[in-house]
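When the chains are written out, they are named A, B, C and D in that same order, and each has its own residue count from 1.
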Amino acid sequence: MIHRIPDYWRNLPVYLQLKGSVCKKCGAKYFPPRKICPKCGSRELEVYDLPRRGKLLSWTVIRYPAKEFEKFSPYVVGLIELEDGVRLIAQITDVKEDELKFGMELRATVRRAFEEGEDGIVRYTYKFVPI
Amino acid sequence: MIHRIPDYWRNLPVYLQLKGSVCKKCGAKYFPPRKICPKCGSRELEVYDLPRRGKLLSWTVIRYPAKEFEKFSPYVVGLIELEDGVRLIAQITDVKEDELKFGMELRATVRRAFEEGEDGIVRYTYKFVPI
Amino acid sequence: MPVYIRGVGLTKVSEYWKKSIYDLVVEAGLEALDSSGIDPSEIDRIYVANALGQYINRQGHLGAYVADALGLLNTGAVRVEGTGASGSMAVYLGYKDLLAGAENILVLGVEKMTDVLPTHVYTARSLAEDWSYLTSIGTTFEGLEAILYRLYMKRYNVDQEKIAMLSVISHSHAEGVKHAQFPRKINLESVMRSPIIADPLHLLEIPAPCDGAAAVVLSKKGNVKIDAVEMSTDEFRVFEREDPLWLDAVHDSMKKALANAKLGINEIDFVELYDVSTILGVLELEAMGFADKGKGVELISEEMIGLNGKIPVNTFGGLKARGDPMGATAIYQIIEIYKQLIGEADRSQIDNAKIGLSLSLGGLGNTAVISILSRK
Amino acid sequence: MPVYIRGVGLTKVSEYWKKSIYDLVVEAGLEALDSSGIDPSEIDRIYVANALGQYINRQGHLGAYVADALGLLNTGAVRVEGTGASGSMAVYLGYKDLLAGAENILVLGVEKMTDVLPTHVYTARSLAEDWSYLTSIGTTFEGLEAILYRLYMKRYNVDQEKIAMLSVISHSHAEGVKHAQFPRKINLESVMRSPIIADPLHLLEIPAPCDGAAAVVLSKKGNVKIDAVEMSTDEFRVFEREDPLWLDAVHDSMKKALANAKLGINEIDFVELYDVSTILGVLELEAMGFADKGKGVELISEEMIGLNGKIPVNTFGGLKARGDPMGATAIYQIIEIYKQLIGEADRSQIDNAKIGLSLSLGGLGNTAVISILSRK
């Protein structure tokens, strides 16, 4: 297992505080934050706090994950549309599989993502839970 | 750590018995065995047993190895010319660094290469020792 | 100046415990060189498509590796990686190199996945997707496909069986195909009863880990012409796309390729899809323009895409049944079109094969490549 | 139809704990696009050179990744990997794509190594070499270099200091260079006292792990012309070569490039070497034809290869001092030649820079690529 600590550390503000970016020219919003707007080509984007609530558009239950997630399997991953229309994919937790519904309301929280290798370095990330 | 057992297992005859190949058309000899002769383009090559003795052309002491070799560091790796002129690179063992000499006579033996991961899968390979 | 396919070679797609990358490369490469009738020394450049070697096999630099394996020293050799689209990117590069003046180019794809456990193959497939915002938070490639699958069924009110049927049809086309990984029929029941990889996606709706190598010699002479190879990209993270069920890179590369070949979509006689899952096959048919949005599923029948159907698809079994040795897959597709066009497709032969089209994807349509070939 | 360099962009080579692949790509890519003066939408294709991303960063498919990062959707994008030669292979492909009819091509190289420990970087470098018969038996890339080093000193009866001096000269050229990883002088004593990586090779004779991105826009207009880009390969395992101290791929690509550019070696005004170690730099000078076998070491002096020397080498510090972000390195070289030719090399500027040459290697000369550029 190769640790990629700096990558995790760089993304922490996004993982823990859910940051997006908004184009000052055309108003398009992005997650993860971008520096160039694909819609209008503008380079004037600013970071903003994403709404922490959204609804479930679709989901799956991961049964054959990558090595570092094996001990958490099975777990739910969903496509979520936040209140301002920005979408993301995240784990959905604190919910039983048969409780999942299209359009169900969810809110963001911070949870353990996985532990890396023998040294047990723990990574945290956004996950969503039912409201 | 990703185990690559089939790769190791396929190469075992070469690792343990030192096999080369010889071109039936032009006589060129190769290690590892080839199926096409780069010298004459022939595809008629046959596997043969390499001589197990040779002499040392050059060497180094590896002090920053790949992860799976860390516990063996430092160790000696040398460029060896076998009695029939075929060359290879192999670890040289059972020798002190200051005993190494250009042209010194060596013979092939089989030793532990490394252990893979937590499961401790042991791989063996050819290494050379002073005669 | 037209570019032709002059020789082809491939290994059966399989799990080769006894063969290495070297063995597979030599087998496919020599067959392609021999069938081209040109001397290996006349090869100007080698393009090697490989998706996973640096991760799975700890072997990079496969351009020079392949040149050496084939005994071709002092040759230019380049490895190309675009995950599932690697092979068609390599064909693209060979095609352009010829247009820029080369005489003969060898394009070879190789993948050796079965040296590691399937869990590592699933992980390796996700190299195609964003590490920071998909893979590292627990998403797999198959998981993303499954999320689209559920969304499609809900939005268009479609039963899963209608989509999963693509696997059954593809398998029926692979029956008796010598180079196919699974040259046999399966029925819909067995697909629907197979283990779930990521709900609702079943094991028998996706390709299995496998190994294989395939090669083509491109030249200024030959009997099958390359009419177009066109690439396009889409937003790298599927969740950012305006409609995650719309594969815009597929749509865009299709539009460019048809324009380049000066063809209408109705002139395409058969199609090799990139059915990295059944649902992706359906989305591809829609994005290419063979069906409207939400109507791709209506094509998934023997009458529509069977060997005697309106627009035959996956004529040798596609990714599911012929197999998906990732870096090599798109080259298998090209060779299959070649065999159809020269009338050597055996049991898979369709009538009046004059123009064939293949699609390959990198990731979930992050990249798409369309190739169109025609009989000379 | 000539092909030109129309715009360039680069990041300083450094250890970027706060920057990701995305950040580096955007920085170099935008600078290149802006300096070219063309609108990003006019880019036909993107070639992305990256050596280690699939191993170190768990991120593959960097073609589409870079297109997305730059906001260029519906663009063809291909990742190329030839370890150290990745960047010049990407330039080669862009060059051919233009010759085949494209208008504007973006070639971008990126490497992000410092997200992992140096031990993983050493391991990653060995992806360039044969896994089964070198890496898996304990050989590292630096170990192979060290074996050649000892052989060279013995055969030609040369003191190590004469070879290690290349590092000192390269560093002196990097002094004050804004984009260099180590923009400062070092002395021979500190090189010889630095830790030994693999006897007799010292830490200060090889590049350090680093990050960086560099990009060029190739076009039919511009102020620096590409005269030739030529590739060649050698036996993949260095121990198999008739003379392991002879880099035949370097020799062969040099011969082809000079012929293609219709130039004699004496017309080359300066050279960017691929000094992945001091000894390799010496072997390269011999194989390129700047010195006879065993005489390359005689060139390693300020009088011969200094900025005012007979044939200036590594004018911005080379791999050792400017730095070696593998997949991007060859593109840094191209940009440095560009800066020399347009007279914007600042403190590194040499007199009468009309024709510049760069060499890059994949592995220990398994691949070599020579590029020749000239002032318009």
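In this text, a contact is a pair of C-beta atoms (placed from the backbone, for glycine too) under 8 Å apart; a residue touches a chain by one contact, two chains touch by 3 or more.
Quantities reported herein were computed from a predicted structural model and do not represent experimental measurements.
Chemist: Report, in whole Å, the distance between the mean C-alpha point of subunit B and the mean C-alpha point of subunit D.
Modeler: 31
Chemist: How many Å are there between the centre of subunit B and the centre of subunit C, using C-alpha atoms for each centre?
Modeler: 38
Chemist: Would you please write down the residue numbers of subunit C that are in contact with two or more other chains?
Modeler: Subunit C, residues with two or more chain partners: 20, 57-58, 68-69, 72-73, 120, 131-132, 135-136, 235, 237.
Chemist: Among all residues of subunit A, which ones touch two or more of the remaining chains?
Modeler: As it turns out, subunit A has residues touching two or more other chains at 7, 11, 38.
Chemist: Assign the assembly's chain-to-chain touch graph to one of these shapes: line, ring, star, complete, other.
Modeler: other
Chemist: Tell me, which pairs of chains are in touch?
Modeler: Those chain pairs satisfying the definition are A-C, A-D, B-C, B-D, C-D.
Chemist: Quick one: in the complex, what on subunit A touches subunit C?
Modeler: Of all residues in subunit A, those touching subunit C are 7-8, 11, 30-32, 38, 57-67, 69-70, 72, 75, 77-79, 87-91, 97, 102, 113-114, 123, 125-126.
Chemist: What part of subunit D is in contact with subunit C in the complex they form?
Modeler: The contact residues of subunit D facing subunit C are 20, 45, 51-52, 54-55, 57-61, 63-65, 67-69, 72-83, 89, 92-93, 96-97, 99-101, 127-132, 135-136, 230-237, 248-249, 252, 362-363, 366-367.
Chemist: Flag every residue of subunit A that touches subunit D in the complex, lowest number first.
Modeler: Subunit A residues touching subunit D: 2-7, 9-11, 34-38, 41, 43.
Chemist: Quick check on the complex: what are the subunit D residues that touch subunit A?
Modeler: Per the stated touch rule, the residues are 17-20, 22-23, 26, 30, 40-41, 56-58, 68-73, 114-117, 120.
Chemist: Under the stated contact criterion, what part of subunit C meets subunit A in this complex?
Modeler: Going by the criterion above, the answer is residues 118-120, 122-123, 126, 131-140, 142-144, 146-151, 154, 195-201, 235, 237-240, 244.
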